[in-house]
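Each structure below appears as structure tokens.
Presented sequentially are two complexes of chain A, the first with chain B as partner and the second with chain C.
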Partner chain A sequence: MGRIDAIRIASGMGAIVAWILIWAWLTRPGGPVPTLYFPAPDDVWTKFVRMWVRPYIGSTLIEHILSSLYIVLFGWTVAAVVGIPLGIAMAWWTKLKWIVFPIFQLIRPVPPLAWIPLTILWLGIGDTARMSVVFIAALVPWLMNSMLAVYSVDKLLIDAGKALGASDRQILMRIVCRTALPTLVAGARMALGSAWSTLVAAEILAATAGLGYVAVNASQLLDTDVLLVAMFLIGILGISLTALITIAQRFLAPWSFADVRGTNR
Partner chain B sequence: MIERWLEEIGVTSNRAKAKAYGAISLSSLLLLWILATSVLEWIEPRVLPSPAQVLRQFFWILTEPFSGLRLPGHVWVSLERWGWGVFFAMIIGIPIGVFFAWAPWFKTFANPVFELLHFIPPFAYIPLAVLWFGASTATQAMVVFVAAFPSFVINSQLGVSQVEKIHVDAARVFGAGQFATLRRVVIPAAAPSIYTGLRIAISNGWMALVGAELVVGKVGLGFMISQGQENASVATIFVGVITIGCLGVTIDTIIQRSESRILPWRKNVMVNQG
Partner chain C sequence: MTGQTPANTAPPKLELRKITKWFGSEGAGVCAVDDCSLEVQKGEFVCVVGPSGCGKSTLMTIGAGLEAPTEGGVFVDSRPAGPPGPTRSVVFQKFALFPSETVEQNIKFGLQMTGVSAREQESRLSEQLRIMGLEGFRKAYPNELSGGMQQRVAIARALVMRPEILLMDEPFGALDAQTRTILQEEVQRLHREKHYTVLFITHSVEEAVYLGDRVVVMTKRPGQIKKVIHLPRDVVWKTGDIERAAEHPEFIEFRREIWGLVREEIVGA
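Showing the complex of A and B:
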């Protein structure tokens, strides 16, 4: 924090204002861009304010937001509950890795959203279908990073633990889990990003509420201003979720920032 | 038990063991699938078709047109859309990325918008693309473009900013102008990082393409899957999903293998973020 940061923030703000002005100029009445294709900034803002109180396709904006967040966080959490223990176990017992890993290698190249039609067919268009797609999207990053997290543990620390008489269980809980936390947090972030973008696709295909659902309906009804509100919100919520994880990392694993600052090691 | 059996047949090294275990695991999965569907008939074919049915569907789509095209036709349409998207992302993204690193004032100006657009998932652009271009190749290509563009910008910028300053200075001393320095020193040095960007762009673009095709279009692999959903034909979905997965792996392997040919001067650059 200091003068350099202040200058950076100020120039960032200035750039945003400049872009909004350019946008307003391009979409002005009689301007080069017709508002049917791209709405003016004030229209988007008015729509945004109105959508908080007046329901759009069945729900107010906050209900759409909560619906999206609920599904993404649910799928992400379940993926964590399954992925972390499995990933750690796979790194710990090599044989388990040999057995499970090939199956994941088989599934991994398929984009998570390619499963959407299958889940719709199997589970209908309810919340469960979207949750399971989000689960699939989040599972792979969780699992891979939990595995990498265990591998990232310094062998020396384990040997030291052994030499001091720690049991396998103690080594796993007291050394492995703690030093692996930063990699795990990175996995959490990747999983959330993947879950969020897959959810949007799932909502476009089959949903009754949610921001992706708003976007696809707005596109069909030619409500470009609503469409932009939905897109911006999707982007801003994505940024906020990532920021929350970074904040959580500061609390849970403050030591993971030490290396970035460049202490002598 | 398995361990001893493997050692008896001469599998001792860890690598070979890993392969043997993998083979056992995958083949038991396949066996379970066959057992559950064809032999014991626990699961109705409507819910999960047997491997034989999936294979039959595969050959059927291979020989008989499915909504107008045979399987290679769908593959070709998908590849074409994806190719256009990645191509435009490349010719626009790389110069912008280089310019970001070359002219910091431009980065200050453009970065906030770039960051915001970058954080909107490509799929969220699908409705906008549909609105702009209708159901044409341009729609899918635009979604691919949106997915591929950021990794070109980020990685070319990273590559350029990592160029050794002393090399640039040396070129200047020897009388190279701005353009010559850029072309002869900066770009070759940044190329490995840009290539990494290409790899990320290609796989992101492939993923986005599937999403776009699921929503809009009358042909293509994604359309095939969504058509399978409409017809309640799980076998068609399986054929589509497997084809998409195989193509994704093939493309990535080709790109990875050809790297040392295209960039012979590359040693080892550990830039891996996108």
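Showing the complex of A and C:
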């Protein structure tokens, strides 16, 4: 496995280097692509380094990054605190589902971005407005996956628990919630993806800092190199957050990664 | 015949009395079990055989208290059995191990649910691990184990409760032939040593003849009790391995008789 992984990583790096070389060739002085529309890689890199110390539209790069991360993680966490228990409860107590699910079904098809005008009206363009939009964006996948996670638990395991003398509460806490964990983590990943993309859009419409805010300003000021820096960071941070969740799953549910050795099943 | 259960005066350990089970509404749905009565005496090993879909698993689920009968009742020592619990341990065909728990956590699960002290848990756990040959697998997760090992864990998890009654629902049905043979012999040995009271559902006539003190043959759906066959208990061929037993004339005779009864139901004669 180790060797195959090493080969895969090496070839991945090679491909990235190749793409950057093609990019550099296309944007060379006198090349086919004018740098106003697509700056050369070294220009983008220089800008990236400079933005850490020199503020751009009011904040340094790290401040923009932290602003975005702060809002997305806050909204995502609050959505988890609400969505997980509510989703599990809805799957466990059907009556609660009857009450909550109709409203939820109505809200669900509304894209999170469509909430922005309303939140601007209520909350202005401060952090709270963006947090609220992110919250809504993350709540739907959190809640849906928590519900599905409970439904996905084999009824046989519940029977086994009953036969071993577990009460309903013990079955819920020890069997259902634990067994459902991998599906919950999948929900965490989807919620974070949804929250992140919504945040960037929200920052374009209503913000005073953040990577989306940098991107829209750079576009208006024709700072194409800054725009590319912002876009790269949005992508890289998105990947990193997802990777963190996978690492968390290794700690929370190591069994979901365990090798399947048995063949006679 | 030797070992034939005499007309017993003691109340049965487990009694299923006039069980009828409808899935869906009565009369319009499916009748899985129709007026079945079945008794298991203390220390007795009763096997239920019948064609697929005859309701034998339903009968076990009802016996365990996991499903309520439409009519009839379940009694333990002549008292209504009530909700499922550790006096009636269940081993399922599909193992039903908790995937998020290690072998030792799975085995200890029922002990923790019923408030057994930590020291007692540990000693019973190591006893079961030894009996079932699982000592090297304490920390393994179920999906790291072969099917045979998983079913060993499930049996250990049931036995560690020291149940009064053991209900087994085609426990070897999902295993390969070699593993099945080994486990059949182990269950035979365990029963002989510890005198468990067992209700054992199977579709294998050989398994029933080898393990059972009594074999109950069911009709096709809606399942009724077709015939009960008493088997000898303290005979030499039951103490050895199943391959040897299968060559014994008495075994062959019983297998022929029971298979004849089951076949009638399958071909619909």
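Here is the rule we go by: the second predicted complex is superposed on the first by the 257 of 265 C-alpha atoms of A that agree within 3 Å, B and C clash if a C-alpha of one lies under 4 Å from a C-alpha of the other, contacts with A are read in each partner's own complex, and residues count from 1 in each chain.
As a working rule, contacts are C-beta pairs under 8 Å (C-beta built on N, C-alpha and C of every residue); 3 or more make two chains touch, one makes a residue touch a chain.
Quick caveat: nothing in here was measured; it's all calculated off a predicted structure.
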item: Touched partner set for A:Met231, first chain B, second chain C, both or neither; value: first
item: Partner chain(s) touched by A:Leu157 [first = chain B, second = chain C, both, neither]; value: second
item: Touching partner for A:Ala195 - first (chain B), second (chain C), both, neither; value: neither
item: First, second, both or neither for A:Ala40, with chain B first and chain C second; value: neither
item: Partner with the higher number of touched chain A residues, chain C or chain B; value: B
item: First, second, both or neither for A:Trp255, with chain B first and chain C second; value: second
item: First, second, both or neither for A:Ala207, with chain B first and chain C second; value: neither
item: Chain B-facing residues of chain A, complex; value: 11-12, 15-16, 18-19, 37, 94-95, 98-103, 106, 109-111, 113-118, 120-122, 196-198, 200-201, 204-205, 211-212, 215-216, 218-220, 222, 224, 227, 230-232, 234-236, 238-239
item: Sites on chain A touched by chain C in the complex; value: 154, 156-157, 159-167, 170, 174-175, 178-179, 181, 253-256, 258-265
item: Complex contact set, residues of chain C against chain A; value: 61, 64-66, 83-86, 88-90, 92, 94, 96-102, 109-110, 113-114, 141-150, 157, 161, 174-176, 179
item: Chain A-touching residues of chain B, taken from the complex the two chains share; value: 14, 17-18, 21-26, 29, 47, 108-113, 116-117, 119-128, 130-132, 206-207, 210-211, 214-215, 222, 225-226, 228-229, 232, 234, 237, 240-241, 244-246, 248-249, 252
